[in-house]
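Labels A, B, C and D are assigned to the chains in the order they are written; within every chain, residues are numbered from 1.
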Amino acid sequence: MPVKPARAPLADRRASGGMALLVVDMISAWDFPDADKLASAAIAIAPRIGALKQRCLRAGVPVIYVNDNRGRWRSEFSELVRLSIAESETGARIAQGLRPQGDDYSVLKPKHSAFYATPLDLLLRHLRASRLLISGVASDQCIVMSAAEAKMRDYEVVVPSDCVADQTRARTSRALRHLREAHGIETTTSAQLRLPARPRASAK
Amino acid sequence: MPVKPARAPLADRRASGGMALLVVDMISAWDFPDADKLASAAIAIAPRIGALKQRCLRAGVPVIYVNDNRGRWRSEFSELVRLSIAESETGARIAQGLRPQGDDYSVLKPKHSAFYATPLDLLLRHLRASRLLISGVASDQCIVMSAAEAKMRDYEVVVPSDCVADQTRARTSRALRHLREAHGIETTTSAQLRLPARPRASAK
Amino acid sequence: MPVKPARAPLADRRASGGMALLVVDMISAWDFPDADKLASAAIAIAPRIGALKQRCLRAGVPVIYVNDNRGRWRSEFSELVRLSIAESETGARIAQGLRPQGDDYSVLKPKHSAFYATPLDLLLRHLRASRLLISGVASDQCIVMSAAEAKMRDYEVVVPSDCVADQTRARTSRALRHLREAHGIETTTSAQLRLPARPRASAK
Amino acid sequence: MPVKPARAPLADRRASGGMALLVVDMISAWDFPDADKLASAAIAIAPRIGALKQRCLRAGVPVIYVNDNRGRWRSEFSELVRLSIAESETGARIAQGLRPQGDDYSVLKPKHSAFYATPLDLLLRHLRASRLLISGVASDQCIVMSAAEAKMRDYEVVVPSDCVADQTRARTSRALRHLREAHGIETTTSAQLRLPARPRASAK
């Protein structure tokens, strides 16, 4: 059974409500400098992101894992997932409710921003997504940069305040304030997010 | 065993002689429109690219598979390789001498150019590669665009004339002439390419 | 009288029919290597581009001068126009019917492609332009690259065959054939182009 | 007298000490929403940026005005300068010590970041500049984004704390803390900056 033809049908399915969920840098073996300072906070938000992801999938909102390429420069996201579980207790705990599934999209990023040197902008246009929920770590680095760059690209952006984490709660608070104050980005709790009611349309 | 830390050591190994080999769009299930017109030519060049790849590996020249993402928008190159072999006789034949190996890099591109919405430029800088050998298909689309954009980005570019293919030999001839005439890109045979003599330095 | 506020009103006016005309590299002092080989052909197409420009302006189709920055790296298009006329007889002759006017847009490009390291893509989205007429020089360099990259970005592209020029007619013929054959780009004469009938909407 | 040939000599002069000074969004008619809240702070930092600029020019450090295009999408920086002085008392006061001069570079940006859809990265590479001093307004928007993106692109970045301004001192303090904490960017006073001792080399 052939995969999709190369060029023509760029679209899989249109994003329900024009919305997409980004899960940033949650897949990791947690072996980078100061990873231990971030690990427990990441473990804490993982179930909340996992719950949000399930709501998104039910609502037809596509889920995109945007993850550091870990300096490997190979397009092998499954391998990163496998390693994160095999090599790290933290990684294994996070994966319990947040493991990428068959329908999820994946984008590997070489640097902090989800948009820099990646196909994310093109993927979002192909999904007709114009409203982004951005979750993950670290609040004041990859989250702030990705959210600010999304806003600059005219996406509507919401950063659910209980779905991002940093080394300390204070840093997360400062990051959220910065997003609100400098970029007018909404930061509400995931429980208060309204997702599209309409179920995912049948694949076009 | 941890993977590499996230940020710091961007470099694996420095490209020997500042050279890198790109293998463009050779991994495919050959199920796109008019794929049959290109398949036999692709099968014909595969062993020559495979031989060039082996020379490159011996010389410490990194090999980068730059491949269409096939409209899947997932960073799963191994899966593309597996499908190309499982689902296509052409794919299986091409893979015989050209199957990606553990050390090879992979970049998935959403469109024709190897540079558009991909991390290729950043990967090449990280490898300190400034001289590109560009091979693969199709001569007058992805090869011409990738080679012209590489030149525009100040890379030295060579397109080995016997390592690119198109639906007809005439189209390949026209593509090669265009690269020489408009962009001053060298098009020689792979047999006449000089690779760096110096073996790969020990991994840093 | 204040200029426009900084952020909010990105739009001037919406492009009539979603169409825009690009005039590539026609402003020059013609002092680069081999400029003399291109000058007479550029002089020959200038009135035809000028006539097409007037039709565009009447139809509400915006005109964008996309011009080499001439290695100056300063955002001073008027100065380039002035120099091209003051320092070059060719430049003065071309400017007769093709001089930029108050309503025209200008984009300075540092390299061959109209899209590389420029705001062109963003300007076109802001004008809601999705159909491009691409004119100018040189057929097989800046025109081919800009047209191919526009197509890759999902613009519809027409290259009017009598509004592009190269050092020889044969090179232009090859360039036009390449655009048709490799990229499915239409190459018709400017006389046969259909422009939007609807006049420009009042400025919003 | 011909301007520079188009392609070949990209370089004007190499940046002394590999350093460049960016002056962000200081040229304005100050007519955007809430401009009045920012104007007095901008007037206050203008002489300090002006003094830093003079030190830079003496040391051979190139100065690049990176400025909002004001929604005009025309490459006419001089016109923006002229309007800013003619139409705004604030603009006129700022221009007193900070008016762009013949040797200064100019980059017009359509959005917040100095790098997005602009030739800045290419200009910096052409100047061989790898160390950036970033000054201007507003601290927590264009300055934070431009500095973070510069860091992500592997530039060394210093943001002189007395040469950036925001609507309130508190916002500037938060912006500077964010740059230090999240990105490891140095924020010192302009008086403490060490510039290259070596005078500008004769033009190469």
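Note that a residue touches a chain if its C-beta (ideal position, glycine included) is under 8 Å from a C-beta of that chain, and two chains touch if they have at least 3 such contacts.
Predicted model, so just to flag it, every value in this text is computed and none were measured.
Copies chain B and chain C of the same chain sequence form an interface built mainly from equivalent positions, shared numbers / all numbers used being over half. When chain centres are set by their Cα atoms, the one at the greatest distance from chain C is A. Centre-to-centre separation of chain B and chain C, using mean CA positions: 33 Å. The distance from the centre of chain A to the centre of chain C, with each centre set as the mean of the Cα atoms, comes to 39 Å. Touching two or more other chains at once are residues 111 of chain B.
If you check the complex, the residues on chain A that touch chain D are 111-113, 116, 140-141, 144-145, 148-149, 152, 171, 174-175, 177-178, 181-183. Listing the residues of chain D that touch chain C in their complex gives 1-10, 12, 28-29, 31-33, 68-80, 83, 87-88, 104-111, 117-119, 121-123, 126.
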